[in-house]
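These notes open a run of structures that come right after.
Note that subunit A is present in both complexes that follow, paired respectively with subunit B and with subunit C.
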Partner chain A sequence: MDFLIEAILSVVRPIGITEPVLQFMLVNAILGISMYLLLRTGMFSLANAGFMAIGAYVSVLLTKELDFALGAALVVAVIVCALIALPIGLPVLRLRDIYLAIATIGFGEVVRIFFLNVDNMILSYLNTFQDAGLRRYELVGGGRGVRNVERLTETWHLIVFLIVIIFLLTRLQRSRFGRAMVAVRQDERVAANMGINVVYVKNMVFVLSAMLAGAAGVFNGHLTRIVTPEMFGFDRAVDILAYAVLGGTSVWAGPIVGGFVLTALPEVLRRFNEYRGVFNGLVLLLVIVYLPGGLINPQGWRKLWASARRRLTGQPAQPEAGGG
Partner chain B sequence: MDGILLQQIVNVISLGSIYALFALGYSLVFSVLGVLNLAHSALFMWGAFIGLLVTDRLEMPLWVGLIAAMIVTGLLSVLLELIAFRPLRKRGAARIAQLISSIGAAILLVNIAQLLFIRVYNRVEAAYPRGLVPRQPIIIEELGLRITPARLIVVIAALVVMILLQYLVTRTSLGQQMRAVAFNQRTASLLGINVNYIFLMTFFLAGALGGLAGVLYALITNVVDPFIGQNIALIGLTAIVLGGMGSINGAVLGGFIVAGIQIISIDTVGSSYRDALVFLLLFAILLIRPQGILGQPESTRA
Partner chain C sequence: MLVLENVSRHFGGLQALSGVNLRVEPQRVVGLIGPNGAGKTTLINNISGLDHPSSGHILFDGQPIHRRAPHRIARAGVARTYQNIRLFGEATTFENVLIGQHGQGRASMLEAIAFWPSFRREERTLRERARELLAQFDLMDVADVPAANLPYGAQRRLEMARALATNPRLVLLDEPTAGMNPSETRALGEQILRLPQMGLAVLVIEHDMSLIHQVCDEVYVLNFGQIIAHGTPAEVRDDPVVIEAYLGKE
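Our next item is the complex of A and B:
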C-alpha cells in the first residue's frame, strides 16, 4: 500500500500535490459522494456540513479523552450521525427544494452554534442542578475548538474507505433501492404510484448521506489536528455541494472527480493563490450554466461541443434529440 | 414607561429596519421569479463597500454614498440576472440550479470585493470615516432615551424607501406589471408585458434595496469587511420564511420579528444563543407553517 501511495505521489508531486493535499482530496471525495446520494434522490439538503461537524467532534473527543482507536471512534461517530439524522429527516424531508435547502441551512447553523456553546451549557447545568460550583468547564473549547488532536488518519485508511464506499455505491445503484432513488428524483408521485415507499427511500438516503458526511468529519478531524465550529459553517456546506455539482451527478465518479479537482486546483494554481476564491466561484457558475450535468457527463460535453461548432460554422440550430 | 424597555424598542426598530430592507430584496426576487437569490447578501456587502469608497476615498457626503451604493448594487444585481439566472431560465433548468448558480455568483462577488479591499486598504477591513454622522447622541430626558444620529438616519431612510416601494408595487404601472408577472409569467407575456424587462427592473430594485441595507448596517457597526453578508444572509432568509416567502409585507414583518428576538434574547438568555434561537425559529416555522405568517398558497402570491 505504501508503495502504491508513493507511486501516486511521485506522479502528482511535480504539479504541487503533496501527501496532505492528497489526503484532503480523498476526504472531500467522500463528502462529494455524500452529497451525490442526496442529489440523486432529488433532495437538496445542505445539512451535511452539520453532520460532518458531529462526526468530527464525537470522534475527536473519543480518541482524545477516552483513548479510542480511530476505527472504533469512526464506528461510534457514524452511528451517532445516523441517530441524529433520523429524527431530523422525518419531519424535514417533507419539505421540497428551496424550503428543504433553507431548513437544512438552519440545521447546519444550529449544530455550529451548539458546539460553540456546549461548554457553557454543561457548565450552567452542572452549577444549577449539581451545585458543582465550577468557574469554567472545557470539553470542546468553544470557539477555539478542540486542539492537539492526534493525527491518526493515514492515506491508506482513506483509500481503502473510498474503495469500499465505491464498491457499495455501485452495488446500491444497481439494486432495487438505487433505482427507487432515481425514480423519486424524477417524480415523487409517480414513484409512489409504482409502489415505492417514498418516505422510506428519502429518509434512508438522508441517513446514509449523514453517515458518510460524519465519516468524512472523523477523518478530517484527525487530519487537521484541530476541530473548531467555524470549520463547519455555511461555506463548508457550499463546498460540499460544489464537489457534487462540479463533478456531476449522473455517475458515481462525478462527485469523486469534483472533490479531487476542487481540492487540488488551488494547490496546482498556487501562484494565483490570491485569485483562488474568485476562481472557485467562477467554476461553480460556469459549470452550472454551461455544463449542467457536471464534468463527468459525456452527453453534456457532446451537446456543448455541438452548440459551439454550430456557432463557429454558422449552421442553423438543429432540434436536439433526447434530454440531458 | 420603563426607559430600558423603550431603549430596547428603539434598538429593535433600527436593527429591524435594516433586516426588513434586506429581506425585501430577497422577497421581491422570490415573488416575481420564484427563485432564491443567495447572492443577495453579497450585494449587501457591496453596498456597504461602495458606500465606504465614496465617503472615505472620494470624501463625499453620506447621501451621495447611499445613492451611489444603491445604483452600483442595482446594476450588479442586473448583471447577476443576465449571467447567473437568465441562461438557466432559458434552458428551463430546475429552481435548484438557479440557487446553485446564485451561490457561485455570491462566492465570486465576495472574493472580488476581498481583492479590491486589499488593493485599496491593504487589509480586508475598513471603517467608515469618523465625521460622517454626528456622534453626539440625542437624549430625551423624560423618557430616558439615548438615540445615536446613525440609528435615526437608518430608521428614516428605511421608512422612506419602504413607503416608496409599497407605492411603486401597488400604485404604478411598473408595479402592476411586476405583480402580473409574479402571478403568471406566461399570461403576463401574452398580455403584452415585456417579461424580461420586468425581471431586469425587479433585480435592479432588489439589488438597490440590498445595497442600501448594507450602507445603513455599516453606519451602525462602523466596520466593513467582505464577510458581513454571511450572517445577514441567513437572517434575511429567516425573515422572509417567517413572514411568508414572496410577501412584501411579510418580509418587513419578518425582519422586525427577527430583530426583536435577537435583542430580547441578548437580555434573557445571553448573546451566544442569539442566532441559535433565530435558526430554531426558522426550523420550527418551516415545519409548522411553511407558508409563513402572512404567506398565501403559491398560486396567489405577490
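Our next item is the complex of A and C:
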C-alpha cells in the first residue's frame, strides 16, 4: 500500500499535490458521495456539514480524552450520527426542495452553535445542580476548538475506506433499494403507487448519508489536528454540495471526481496566489452552464461536443431527436 | 373485491365526489365514464391512496384501505396507470418494470449489499418476469431505451406493463387510450381483455366509447361527483340521463 501511495504521489507531486492534499481530496470525495446519495434520491439537504461536525467532535474527544483507537472512534461517531439523523429526518424530510435546504441549513447552524456553547452549558449545569463552584469548564474549547488532536488518519485508511464505500455503493445501486432511490427522485407519488415506501427510502438514505459525512468528519478531524465549530459552517455545506454538482450525480464516480478537482485545483494553481480562489468558482460555473449533468456524464459531453461542432461548422441548430 | 361505500371528497367548497357507491368484482372489466371534471381521476386517486376520502369507506377484499398509505395499497394488490403518462423518464424501459416489481422483492438492503444467494436468486426471477412483461407488451426492442425517449404508444404500453409488474389483482386504468389512433386503441383493448383471463379485475376510465363497448362488462357514469347511471355499456348509452349529462337538455 505504501508503495502504491508513493507511486501515485510521485506522479502528482510535480503539479502541486502533496500527501496532505491527497488526503483532503480523499476526505472530500467521501463527502461528495454522501451528497450524491441525497441528490440521487431527490433530497436537497445541506445537513451534512453538521453531521461532519458531529463525527469530528465525537471521535476527537474519544481518541483524545479516552484513548480510543481511530477505528473504534470511527464506529462510535458514525453510530452517533445515525442516531441523530433518524429523529431529524423523520419530520424534516417531509419538506421538499428549497424548504428542505433551508431546514437543513438550520440544522447545520444548530450543530455549529451547540459546539460553540456546549462548554458553558455544561458549566452552568454543574454549578446550578451540582454546586460545583467552577469558574470555567473546558470540553471542546468553544470557538477555539479542540486542539492538539493526534494526526491519526493515514492515507491508506482513506483509500481503503473509499474503495469499500464504492464497492458497497455499486452493490446498493443495483439492488431494489437502489432502484427505489431513483424512482423516488423522479416521481415520489408514482413511486408510492408502485409499492415503494417513500418515507422509509428517504429516511434510510438520509441516515446513510449522515453516517458517511460523519466518517469524513472523523478522518478530517484527525488530519487537521484541530477541530473548531467554524470548520463546519454554511461554507462547508455549500462545498459539499459543489463536489456532487461539479462531478455530477448520474454515476458514483461523479462526486469523487468533483471532490478531487475542487480540492486539488487551488493547490495546482498555487502560483496564481490570491486569484486561485476564483478558479473554483469559475470551473463550477462553466460546468453548471455547459455540462449540467456534471463532469462525469457521457451524455452531457456528447451534447456539448455536438453543439460545439455545429457552431464551428456554422450549421444551424437542429432539434434534438427523440425529445430526450 | 373493490367496494366503495358512500365515498365523498371535497376540496374546500368544491364537492369533487359525493356519496359514490361502486363495486368491482373479480375478473370483471368495469368502465367509468363521465364528462370532463366529473371527478373520475379524483376517484382513482382515492382508491390508490394518493388522496383520501373526506367521508365514506373503500374496501379491498373486505379490508378498509381509505386511510392507508399508497405503497401499502399497492402491495395489497391495487395497481394503476395515469392519464398524463408518468413514467420514470430517466430510467430505461426495463428499469421501469423492475421498479414496478419493488413490492415483490423480499431481500433487505444488507442482503443486497452482501450479494447474498437469496438476493441473487430473487433478482434473477424478477428480471425474468420483467422480460416476460416486456415481451407481452411488445417492448423488448426498446428495453434499454430511457422511457422519456420512447414513442407515445410505447409509453402507454409501458405504463400498463409497469402496473402489471406490481403483481396486482385490481388494475385502475386512467384513460389508457388518450391520444391513440383507432387501430392502437383496438390493440390496447385486446390487451385489456386479456387481464380478466389472468385473474385480474379492471376499472377503466375512458372517453372512447368504442373501447368501452369492446372491453367493459358494466359501466358507471359519473357527473358532478355523483354516479348517475350504472349498467351494461348498451344500457348506459341509451340512458336519457347520461345523454343529458354529455349533451345537455334539448
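In this text, the second predicted complex is superposed on the first by the 320 of 324 C-alpha atoms of A that agree within 3 Å, B and C clash if a C-alpha of one lies under 4 Å from a C-alpha of the other, contacts with A are read in each partner's own complex, and residues count from 1 in each chain.
As a convention for this text, a residue touches a chain if its C-beta (ideal position, glycine included) is under 8 Å from a C-beta of that chain, and two chains touch if they have at least 3 such contacts.
Values in this document were obtained by computation on a predicted structure and should not be read as measured data.
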Which superposed partner A:Leu168 touches (first subunit B, second subunit C, both, neither): second
Partner chain(s) touched by A:Ile30 [first = subunit B, second = subunit C, both, neither]: neither
Superposition-derived comparison: subunit B or subunit C, residues of subunit A touched: B
Subunit B versus subunit C as contact partner of A:Ala77, first or second or both or neither: neither
Partner chain in contact with A:Ala85 - subunit B first, subunit C second, else both or neither: neither
First (subunit B), second (subunit C), both or neither touched by A:Val182: second
Subunit B and subunit C footprints on subunit A, overlapping residues: none
Footprint of subunit C on subunit A - complex, ascending: 168, 171-172, 174-180, 182-183, 186-187, 189-198, 204, 322-324
Subunit B-facing residues of subunit A, complex: 44, 91-92, 94-95, 97-99, 101-103, 105-107, 109-110, 113-114, 116-117, 120, 233-235, 238, 241, 245, 274-278, 280-285, 288-289, 292
Interfacial residue positions of subunit C with respect to subunit A in the complex: 48-50, 69-71, 74-75, 79-80, 82, 86, 88-91, 95, 98-103, 105, 107, 109, 112-115, 119, 123, 126, 146, 148-149, 162, 166
List of subunit B residues in touch with subunit A within their complex: 35-36, 83-84, 87-88, 91, 93-97, 99-101, 103-112, 114-115, 118, 230, 233-234, 237-238, 241, 245, 272-273, 275-276, 279-280, 282-283, 286-287, 290
